[in-house]
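Taking it in order: structure first as structure tokens, then the write-up.
In order of appearance the chains are A, B, C and D, and numbering begins at 1 in each one.
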Amino acid sequence: MWLKTSCDLSFNIEVPTPFVLMLRPRSGAQQWIASEQYKLAPSVPAFEFTDGYGNLCQRLVAQPGYFSIHTRAEAKTADFLDQAPGAPFVEIQNLPDAVLNYLLPSRYCESDRFGQLALEITYGQFLGYDQVAAIENWLRTNISYTPGANDIQVTAIEINTRQWGVCRDMAHLGIALCRSLSIPARMVVGYLYGLQPMDLHAWFEAYIGDRWYTFDATQPCLRGGYVAIGYGRDAADVAVYNQFGPGVYPSSQVVSVEQISESTIGN
Amino acid sequence: MWLKTSCDLSFNIEVPTPFVLMLRPRSGAQQWIASEQYKLAPSVPAFEFTDGYGNLCQRLVAQPGYFSIHTRAEAKTADFLDQAPGAPFVEIQNLPDAVLNYLLPSRYCESDRFGQLALEITYGQFLGYDQVAAIENWLRTNISYTPGANDIQVTAIEINTRQWGVCRDMAHLGIALCRSLSIPARMVVGYLYGLQPMDLHAWFEAYIGDRWYTFDATQPCLRGGYVAIGYGRDAADVAVYNQFGPGVYPSSQVVSVEQISESTIGN
Amino acid sequence: MWLKTSCDLSFNIEVPTPFVLMLRPRSGAQQWIASEQYKLAPSVPAFEFTDGYGNLCQRLVAQPGYFSIHTRAEAKTADFLDQAPGAPFVEIQNLPDAVLNYLLPSRYCESDRFGQLALEITYGQFLGYDQVAAIENWLRTNISYTPGANDIQVTAIEINTRQWGVCRDMAHLGIALCRSLSIPARMVVGYLYGLQPMDLHAWFEAYIGDRWYTFDATQPCLRGGYVAIGYGRDAADVAVYNQFGPGVYPSSQVVSVEQISESTIGN
Amino acid sequence: MWLKTSCDLSFNIEVPTPFVLMLRPRSGAQQWIASEQYKLAPSVPAFEFTDGYGNLCQRLVAQPGYFSIHTRAEAKTADFLDQAPGAPFVEIQNLPDAVLNYLLPSRYCESDRFGQLALEITYGQFLGYDQVAAIENWLRTNISYTPGANDIQVTAIEINTRQWGVCRDMAHLGIALCRSLSIPARMVVGYLYGLQPMDLHAWFEAYIGDRWYTFDATQPCLRGGYVAIGYGRDAADVAVYNQFGPGVYPSSQVVSVEQISESTIGN
């Protein structure tokens, strides 16, 4: 499936404000980025670097006044994401070094507190993919998905207590449960075709067998149309923008994802 | 000052248990490691890698039975740690890419919740080193340092509420306060000569001017005798050992730090 | 200056052939990539990674038959590249760790053999920028720039002997001379507006003061219009494509760089 | 087999001289470092970093006068290095990203010039381990190993022409031949028990199946007793010391490797 994604952010800036942006999708396992646009208005110098998770980030200082960021991409995504029922748990000693980081608790995923619950949820499951699928299903059943609820960021513990959350929250609880079973799990932020209401989306991946698999408890079943932008331990790592200092006024954020025909790519 | 450090850990293992160890100090800004010993009993194969924070880690699988880890090091440390009153805050746009990571909230340091408190504590201070020194002093005055209190890991928010903590807790709150002011801060685990009671220790560093400076609110004033073992965003990143899976029984941990004469090094 | 760059590569493939591509410019010190397109025909799965020099690379396997790669970018580049006469040499002990690598000899830059010549060329110059400027001038005067000469890759020693070369050769000799003076130097491959005849271009950068500066002995003087694609120790690191195995037949390579108006960006 | 290694380097320094050292073996696939000592005389501040190949390096500035470096290690090494006749060649597309670097030509290994010779040497061999074993045997037969010949560094092309070389040369030619067959190969510097005459040693590794295997054409057959210190593309990357600038006078280098009993470790 070919998709055209866009994200437009705008800010009222009061004092010169440093930003770190993470808005560039990269070609990878199940997506190919055929084209990208990136526009800053007004234009300011920007410096690009790769963070510790492999994300492409841009640093810049926005000047006082109106400031906006416009990104577009044309991407080919899988029609159906890979699934692997029965894929086995990887023993810790066999995990790649770079994956170990995704076993540790993090800001919004207190995996050190979920061992008992994770065992209950996955009782009787074959170790590995089936455990994560059980966690995903448990989230669908037990946590009420409330898109658009514009609350402050809360952690997996709080989500488990209040039993509702936005996409980010569903992912955080899923990640915490996986890690408590020694299954590496990470947060993904990106686009999803057909998301209602349309916005940036978040889901999670778990490392099983010898690769990462996608899970998303906000959807009734796993389908295609995902475009990943950034990866991290949790939402603290994958903010599409971080701004520093005071004086940034309510921003607008407009996101769209349309299906396009391959023949129009690059026109 | 020349120091001889040792750390002996022992475990009763029930099932084959993967470990990741972080017990090797490295030579750096204010320490030189003249010798090191590392003994596993019984001996098992171990693989070394450098994690995302630059720490030297070892991976191994301990077999059922008694398992112990013995490390020794001879280190030259600074008699007095560098201090820099007046050193200026670094604007975000001028921070090295690799330091940006230390501005984000993390598992035990919810820096996104401490902006108001940090402003109050540092009111009237020159931006930079003096702000962190004010935070360190505030911690000394307001958080009761209770070494040896063997509680579960709690976060900066909880520490600020209950107003007491072990060294790790003091560092977490200090880090959270620094980051909320856009000052990069990181956790350090290591040894401290003269610590009472002797154990592994934790403190924090803040990035000011063009380098990291050490702060430690558990001590009445900053002196020398620190040997750093590992660096990270918070305690989740710098566990001297992480073991995975069930079946590991209460371990003993014996730490010592003695002053030695340079003439005995390597004997 | 806004530029539109394009590069079209085509191959006749006989057996399935792995490629590593390096064709994505990144925003940085003196360039901003406003848009990018990347098309493979026929389309094949591709995986992106960042290499040890920070370059964005794509891995894929081309199938037998006709295979082509089309890239486009719209970039804002500096009208005049930064120059810094008098900028001082950085003592080795003060260089960033990541820059040390660019002091070592490499495949095409035998810097260990050029100490005497470099001292002669830079005799009397202030250490740092002025030395590299003297090297650049010496190259202009002594090595005949022969664009389009389609020879095999030769090394700095061979270039110095035969006294002519393509852009890559001029850069290699410049890099070797810089490194022999303990000035870090690296190869850059990219586009240059107005290059005659138009093709991909190569130049070099030297680390002086606290940053990299651009040098290009193939041009009578340093002007703007450069779009960097990749960085490395020498041409071995920055091939825009590496293919592995036999059965790849003469490829065509068509490059263009046009000036555009900012108002047309993204249309 | 338990070994005690030592390396003592001494220099007469005329002007303050920056050094980068690479003298710390690390625990890994087939070696465990039980203890290490590192002494600088006179003592100077040193900073440690991990280079792009994973090697632990130390940076320091030696002051005018006599300067010496003394290292000791106690290491457990494999009695017999792993061998894997029949282990298959890894298709380029399946190699880990971090291994691709070892396919490229480098300073002393002009692998782009050895395709024909490598095909002849390995004619009829099963692709993978058996090809590298054939290369190793060809080196034993065709290149005269002349330990102690203290010549300047030459490249694989020159070695193949003159048909004799030290250990480093044998490794360079082996590496160049492997890479020309698209088999990743890297240089290793370290110690070898029983080497005659005793000195630092160099050998090479090739990536086959899913790991690195050791090859050493200087020895009649592969046995144990190897302690690796550093890894790189070739000798340019793995100098145990690099010093910069003039004024360093002939150094002495004394190396020893003794077998020890496990019971004496750490005494």
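Observations on the structure shown:
We adopt the following convention: a residue touches a chain if its C-beta (ideal position, glycine included) is under 8 Å from a C-beta of that chain, and two chains touch if they have at least 3 such contacts.
Per UniProt, the chains are A, B, C, D = Transglutaminase-like domain-containing protein.
Keep in mind that what you see is a predicted model, and the values were worked out from it rather than measured.
Centroid analysis (C-alpha atoms only) places B farthest from chain C. For the pair chain A and chain B, the distance between C-alpha centroids works out to 30 Å. A straight line joining the Cα centres of chain B and chain C is 42 Å long. The mean-CA centres of chain B and chain D are about 35 angstrom from one another, to the nearest whole unit. For chain D, residues that reach two or more other chains under the stated contact definition are 49. Chains that are in contact with each other form these pairs: A-B, A-C, B-D, C-D.
Of all the residues in chain B, the ones that touch chain D in their complex are 26-29, 32-40, 43, 45-50, 54, 56, 58, 72, 76, 265-266.
Within the complex formed with chain B, the chain A residues making contact are 18, 20, 49, 51-52, 59-61, 91-93, 97-98, 100-101, 103-107, 109-110, 112, 153, 182, 236-237, 242, 244-245.
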